[in-house]
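Order of writing sets the labels: A, B and C. Residues in every chain begin at 1.
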Amino acid sequence: MSPMRSFQSAVLSLLAILLAACSGDSDTTRVRVQLNWAAEPEFGGFYAALEEGLFAAAKQEVQLIGGGLTTPSAQMCARGDVEFAIVSAEQVLTFAEQGADLVALFATFQHSPFVLVVREESPWKSLEELWKSNARAAVEPGLPWIAELDRKLGGHTLTLVPYSMQLAPFTTGAVDAMQGFISSEPVQLRLQGLAVRCFSLGESGYDPYAQVLVTSRKFLDQNQETVTAFVNAARRGWASYNAQAPRFNPVISKLNPAMDCKAMDIAAEIQLAIVQPAGLADDALGTMTLERWQTLAQQMHASSKLKRMPTDLERRFVNLR
Amino acid sequence: MVTAPARGSFIGGIGWRLEEVSIVLGGRRIVEQCSTQAAAGSATVLVGPSGCGKTTLLRALGELIKVQAGHISHRSANGAELARGACHVSFCFQEPRLLPWLSALDNAALPLSLAGVPREDARARAAVELSRTGLADAKELLPRALSGGMQMRVALARALVTTPNLLLLDEPFAALDELRRMQLDEALRALHAELGFTMVFVTHSSAEAAFIGDRVLVMGTNARGIVADLAMSASARNAAHRTREEFAHDLARIERALHSQAEVP
Amino acid sequence: MRALWPTLVLAALLFAGWEAAVWLFEPGDYVLPAPSTVTSEAWRSKGLLFAALARTSLAATLGFLIAALVGISAGALLSLSSFLRRGLYPLATLLQMVPIIAIAPVLVIWCGYGLPTVVAAAAIVAVFPVLANTLDGIRSTDHRLHELFTVLRATRAQRLLRLELPAARPQIITGLRIAAGLAVIGCVVGEFVGSFVSDPPIGTVIQTAMREGRTALVLAAVATSCCAGFALFAAVSLVGHFMLRRWHESGMRS
């Protein structure tokens, strides 16, 4: 062979080796899940599934991407930037109105985990009392439950200020109440030594599903098998996590320096009641009913969070098996 | 013996004296052990080629730079040394250096305004000086609306508004055309006659030196200092003076002094 | 009015192109709504936007005025002492580099919710250009004029007040123009963290609309905040025009 041809074949061989190394096993599917918060027990089942190799067994390479207060997980999923995302049930409906066809697959929290946290010694005995007081509360502006409470209780007199991801405004007394997840903020506050009480939003009558796994209609139609396999693996992961959270929490804690294992263990224990309520079997985790979606749509329409009452609610969710 | 008359009580010229003055600027000796003096009310001109130190000497007289050796003093009419700040010294730079945001009147009034004179008084006195320099109509104009010559006259009015005892001028008319320069030279001499201040004028033009000065000090390069001390003719300095024979004679003597020291290596 | 024609034509073309692109590609309202959608949303929410604009404008103006006062004073102060300047100027630069979104939560703890935090955020973001331009303008004063003041035996205070500050005015105006836009930005960021949700200023309207996925309202609110910035900028330019038009080039062109 001439020197030029032997050089060419050497380059081609090198390229071939590099390409093969990059692509890895061409059978596995790469899947990205955009979370809407930092790694915490509220996503515990997904991390458990990853740890136990349940996704790998279904030939899926899953990447769980952590998020925060401003992560646009719903937009990212609708646009196709990621295959799956965690969003609120309300977002599924509001985004549908904007033309984003998201489909709910798995409801992590069967009941709303939202609470308003106050100090143990504070004077308010009920959510209604707090809502009609002159207290100051840190909330996320625009969340539908605010409008819903206003509608039900006839407006609010308390002062609302923006909620940041920090506990400092509550601990320093700059605010008297703050919104939170029952498994998150109250747990961290108690570990800091503060005595707190929680008013549950779900118990006040506004009880949507929470931390819902969604995908885009487009992805679902084109990859039904992949989506079904993912949901099944996630469901088994959640069953494992609900049974033995402390086994998986060290992995999650490494990803989130703000919450240590002890806090995560307590959180997992507290959230169990709304993740897997009594009587819900392991293989029924995450399932959703049309009735619950209808209730939510009615409440949101009544408080003007939805412009129109949706007519295609059956298309907004699916229980895959 | 140093006397200190109250500020403002002194009108008319003062004498000045340089004793063994040496000045070093930027590592270079500009002036070396220079001595000379002038009487009250005199009009002295410093002339010479670039680098001879004439401007440096003038700035030292005006206390803008320090001397490295020797002594500069202001003297009263009977020769007694005056304290620093006891007399008014005004300085006219090569450029008008007017504040662009002030009118001609406010520019001329600036020295009084800074000295604490009430605004109306300062403006009134400035108006007088502007009239004296022929700018009565331009009082409210801003510098950008004035020609180079007019700006220079505002600067002159500003220099005169404090009724200075000593007026130092550093080639003030060099940027103007010949005709305007001659007119301003004549105006300056007229003011000198009228107000009686002592004047030191720096120029590189021998003709201007001959006209402005009663006495011309020719300076040489390489820190040679004053190489010639020439008395000029005493004729009145009007427009006709330039046509007189004495003027041509004065001019020739200056030129000779300039060229003779240029041949020396 | 004639001078505005090129801008109006270009803007019209831009909006027409945007409208056509949305009609062609249909990205969905939550990604990119058409200008017509944004406009109709703005009209529908005009009460909300107008009230928000008033609140944000007030806070931004207050923050701007504080930044102007502090910036000019500090710039003048630093010009007086090279020791102070060498010591404090690098620190001031460092302050400017801290992203306001990071210190806004701390501001809330220090200043409390509402106007104090929002005005503080606006002032912090807007102060540095004023300080830097004031200092620069003062130190760029023609040395020949300085010499004049030496000859006139001016005091240090007179030199600062009668020469340096007046001479620095064109540059100070430049700094204030920059600060005007920044004040609105700082204000909105402060509102993200420290506003009162029920009487929402622009920042909160943006936050709320983003949470609900109402991109058209987000864009309408952003456009509204631009109006605040533009109004402040125009006010400063007008002041600069009147102050400088007689004697400085920059004030002479409209």
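The rule is short, and it goes like this: a residue touches a chain if its C-beta (ideal position, glycine included) is under 8 Å from a C-beta of that chain, and two chains touch if they have at least 3 such contacts.
Only a predicted model underlies this, so the values are computations on that prediction, with no experimental measurement involved.
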Handout entry: Chain whose Cα centroid lies at the greatest distance from that of subunit C
Key = B
Practice task
Return the chain label for which the distance between chain Cα mean and whole-protein Cα mean is smallest.
Solution key: C
Practice task
Between A-C and B-C, name the chain pair that shares the greater number of C-beta pairs in contact.
Solution key: A-C
Problem - Where subunit A and subunit B are represented by their mean Cα positions, the distance between them in whole Å - result: 86
Handout entry: Inter-centroid spacing, subunit C versus subunit A (mean Cα positions, whole Å)
Key = 38
Handout entry: Approximate Å spacing (C-alpha centroids) for the pair subunit B, subunit C
Key = 51
Problem - Residue ranges of subunit C touching subunit B (in the complex, touch as defined) - result: 144-145, 147-154, 158, 162-163, 166-167, 169, 246-248
Problem - subunit A residues within the subunit C interface of the complex - result: 70, 72, 74-75, 78-79, 91, 94-95, 98-100, 136, 139-143, 156, 159-162, 164, 166, 168-169, 172, 174, 305
Problem - Complex contacts: residues of subunit B adjacent to subunit C - result: 62, 64, 85, 89-91, 93, 95, 97, 99-101, 110-111, 113-115, 142-144
Problem - Interface residues, subunit C side, partner subunit A - complex - result: 28-31, 105, 108-109, 112-113, 192-198, 200, 204, 207-215
